[in-house]
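Below are two complexes that have chain A in common, paired first with chain B and then with chain C.
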Partner chain A sequence: MDILLQLAVESLLLGTFYAFMSLGFSLTWGVLNIINLAYGSYIILGAYISYTLYTYAGIDPILSLPLSFLIGFFKGILVQRLLIDRVMTLEPFMVLILTFGLDIVIANALNLIFRADIRSIDVPYAERSFLLGPLIITEVKLLVFALSLVLTALVYILLQKTWTGRSIRAVALDREGARLVGIDPSRVFLITSGLGTGIALASGNLYGVLQGFTPFDGGMLTVKAFLVSIVGGLGRVESALAGGLFLGVLEVFTGFYLGEGWKFFASLIAMFLFLLLRPRGLMGGKYYGET
Partner chain B sequence: MSLLVVEGVSKSFGGNRVLKEVSFSLKEGEILGIVGPNGSGKTTLLNILSGIVKQDKGSVIFMGKPVDRLRPYARARMGIGRTFQITRLFTNLSVLENVLIPLHYGGGDADPGRAEELLSMVGLLEMKDRKAGSLSLAQRKRLELARALSVNPRLLLLDEVFAGLNPVSIREILDLLKEIHSLTGVAMILVEHVLKALFQITRRVIVLSEGRIIYEGEPEGMARSEEVIKAYLGERYASGGK
Partner chain C sequence: MGRPEIAVLTGIVLVGFLPPFVSDYVERVVALALMLTSLALAQNILLGYTGYPAFGCIAFFGVGGYTTAVLMKELNLQFPLALTVGTVSSGFLALLIAVPLMRLKSHYFAITTLALQLALGELVANLELTGGVQGINLPIYRGPGGYLIFFYMLWVVAIVSFLLNAYIERSTFGYALKAIREDETAAETLGVNTVLFKAISFTLMALITGCVGGIYAYWITYIDPTSMFDPLLSVKVFVALLIGGVGTVGGPVVGAFLLEVLSEVLWGQFPKVHGLILGLLIVLTVLIIPKGMWRRR
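== the complex of A and B ==
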């Protein structure tokens, strides 16, 4: 029983991180209607930025998180304006090919700079843990959980309570209708793209303290973000939380009962089954407006 | 000075010429009905006026300025409000938010008091916290009217606002349009199939057929026009039903 409780808590901690990590991917898909295959590499880029700042300047990854977000925000705006805007009205495959190319460029650039060795951000609190009744709680996981929860809540407030958020939701629901009430969708696309990429890079800081990484881990993370998005549904914070928790439970239980090597395989199987049997996701909304 | 001038507007989709040299004008506060058989180009014309579709030829002048290069959001900010045959509300947002958003982005001042005033005008104030997607069709049409009004329009484009409604709801929407017109003086262009309702609010109609204007004038004159009879009923009814 204690083991099940421990696994449940581990699932909650990891699942909340996955929810935050995937939020940018889900938001970009839900609002811009594009699947960003470079998303995982954006996360890894964030991890390398925080690694560099920690290794060479001693800045804790938690403290450099806002910087990663800002770098990601402006990077997202630039990529949207210079590249994606040019192809997003064409065939959907064009965006897939473009972002796939971006993924390769980022991964290989990181490989050139850092080599393919596994890097990790060894913060002093990485190995510390404490007992809570029968549970063993690792401090770094608790910290990542708390930060993911707070940041997810901030995104939720941004989407629900601000004019920027309302315009993002309006464009997600009906792009044409939004245009006719005075909203400029291309501006909303820029902001959403910036926000999505900012979230990716910021979550890279958290990913980097949770586990080791290499330049080529992006593909696996894109698959995870994809799974979270199709399980929960697109573009909504609540959906990302549902999808993130699902992935957390899946990975923790598969890892414990079948072994670490099965975790990613289980994610792929789950993604396949969801696409086959329940493409509208757990919460019933394939697209933002269809809840 | 005319509020709106449409000059020689033509539009083709592929090889299909949907509008051919359409020209007309509209005065401040005037209500114009546009009718015609299915596929005659009515909705395309509204789409061109609101900026969703760009014409191949001709120009649209609104308040004395050409708006051909302006995108839909810029035209909305200039004062062109629009509703759709199949309502295009933000279904997952609240009724109040559906009005607040255009007030903020189109009208420039997202005053909740003004939003509630508009909702009160269309009879939806009590439902302001409900999701727009939960409203009935007639209520959705009312909300879309409130939303169109919240960009402080000088011109309202109403695409089949009576479509799908029962006679009671048609009467209510008709009364609402009359009230809006008398309160705000906004000019309206109604694309409509429910002629009985349309003729109670407008004294001027344009009939489109195969993308051309075949009649322009008072509603009563329509029934006497050979071209209109031909467009609606076919060639053999056009000359006395022989």
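== the complex of A and C ==
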């Protein structure tokens, strides 16, 4: 019984992080109708930025998180302007090929700079844990959980309460309608892309303290972000939380009962079945990207 | 076939006379180009004529390769028989999933096939029968003709794929596929059995891709999950198609040869940044020639 409880708690902690990590992917897909295959390598990029800052300047990855977000924000705008805008009008699978190319470029560039060795950010609190009744709680996991929750809530408030957020949702629901009430979709695309990429890089800071990483881990993370987005439905914070928890449970329980080697297979099969049977997610869809 | 198509076909046929005159290295590069040609032509039937991008087409390459390898290793089957079973299993898998899978369109379809490819890769990496992450060592071919036999097998498959594409371009079957590509609902109303034709198109793609995978597995004698289910190979197929021109008969051949030779030259010149350059090449192809060099008729 204790072990089940322990696994459930692990799933919750990990799942909440996955929810935050995938928000950017889900948003850009829901609003721009773009599946960004380079998303995972954006996360890894964030991990390397915080790794560099921590190793050479001693800045804690949690403190450099806003910086990663800002770098991501401008990178997202730049990529949208220079690359994605040009192919958005073509067949949607062209964006897949473009972003896959981008993924290869980022992974190989990181590999040139940092080599392929596994890196980890060894913060002083990395190994600490405490007992809570029958449970063992790792401090880093708890910290990442709490931060993910706060940041996810921030994104929720941004989308629900601010004019920027409302215009993003408006464009997601109906591009033409948004234009009619004076919202410029291409501006919203830029902001969404910036926000999405910012979230990816920021979550990279958290990913870096959770576990080791190499330049080529991006593809696996893209699959995770994809699964989280597709389980609930696109572009909504609540759906991302549901999807994140689903992935958390799936990974923790498969890892424990079948072995670590089957974890990624389980995610992929879940993704395949969801796409095949429930392409609009469990909660149904109303976003542009889903039509 | 129009004049340009005949020129391309003549080109492929003439490539078959190259081996006695060139080095082993050039022969190998040409064989790889022939392989990419077949893969691109296979995808062209599906994407080019039917309008469905199977981004994870290499799933079938892996299934063909692994089935062939496991049959030869575990059951000691002769290569021709193993290859036949490998090819057929690949096509059978496609036929099995075609109907539910092809309700999805555009990038949903593309990503689902990619998920299948990666999932199968993870599956063989975890199974003992397929040798896990260590992969499978196949017996080395010692029959007549030596390694030239693989060159000619790939050559024949490329020619057959080309003729199949040329047939689809002009036949009623091809018109039905093109009708699905242009407007599926309209095709349905005009009496095209879209479910059946989409399934056939998908299966044809899988048969060719699986066959090439089987030949490749025996050719390189060592296969592992990463090399047989490589997403990079999927993307190369698409880039070859894009460079040449999607939905044309000659384009995929030109694209495949250009891309293979180009990446081989780059590999030799800049071994350290090869991956980086290949990535940039993909990005630039999408940005500069999204419509391809060969005009669709």
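As a convention for this text, the second predicted complex is superposed on the first by the 285 of 291 C-alpha atoms of A that agree within 3 Å, B and C clash if a C-alpha of one lies under 4 Å from a C-alpha of the other, contacts with A are read in each partner's own complex, and residues count from 1 in each chain.
By our rule, a residue touches a chain if its C-beta (ideal position, glycine included) is under 8 Å from a C-beta of that chain, and two chains touch if they have at least 3 such contacts.
Keep in mind that this is a model prediction, so the values were computed, not measured.
Asker: Quick one: chain B or chain C, who's touching more of chain A?
Answerer: Counted on chain A, the partner with more touching residues turns out to be C.
Asker: Quick one: is A:R169 in contact with chain B, with chain C, with both, or with neither? Answer first, second, both or neither.
Answerer: So A:R169 only meets chain B here.
Asker: Looking at A:D2 after the superposition, I want to know if it touches chain B, chain C, both of them or none. Which is it: first, second, both, neither?
Answerer: In the superposition, A:D2 contacts neither chain B nor chain C.
Asker: If we overlay the two complexes on their shared chain A, which of chain B and chain C does A:M271 touch? Say first, second, both or neither.
Answerer: The answer is second: A:M271 touches chain C but not chain B.
Asker: In the superposed arrangement, which partner chain does A:E260 touch: chain B (first), chain C (second), both, or neither?
Answerer: So A:E260 meets neither chain B nor chain C here.
Asker: So, does A:V181 touch the first partner chain B, the second partner chain C, both, or neither?
Answerer: So A:V181 only meets chain B here.
Asker: By the touch definition at the top of the document, which applies to A:L112: first (chain B), second (chain C), both, or neither?
Answerer: second
Asker: Residue numbers of chain B touching chain A in their complex, please.
Answerer: Spelled out, the residues of chain B in touch with chain A are 50-52, 71-73, 76-77, 81-82, 84, 88-93, 97, 100-102, 104-107, 110, 133, 147, 150-151.
Asker: If you look only at chain A, which of its residues touch chain B in the complex?
Answerer: Residues of chain A touching chain B: 163, 166-167, 169-170, 173-174, 176-185, 288-289, 291.
Asker: Taking the complex as given, what residues does chain C use to touch chain A?
Answerer: 53, 55, 97, 100-101, 104, 106-108, 110-112, 115-116, 118-119, 122-123, 125-126, 231-232, 235, 238-239, 242, 272-273, 275-276, 278-283, 285-287, 290
Asker: Okay, in this complex, where on chain A does chain C touch?
Answerer: Answer in residue numbers: 35, 83, 86-87, 90-98, 100-105, 107-109, 111-112, 219, 223, 226, 261-262, 264-265, 268-269, 271-272, 275-277, 279.
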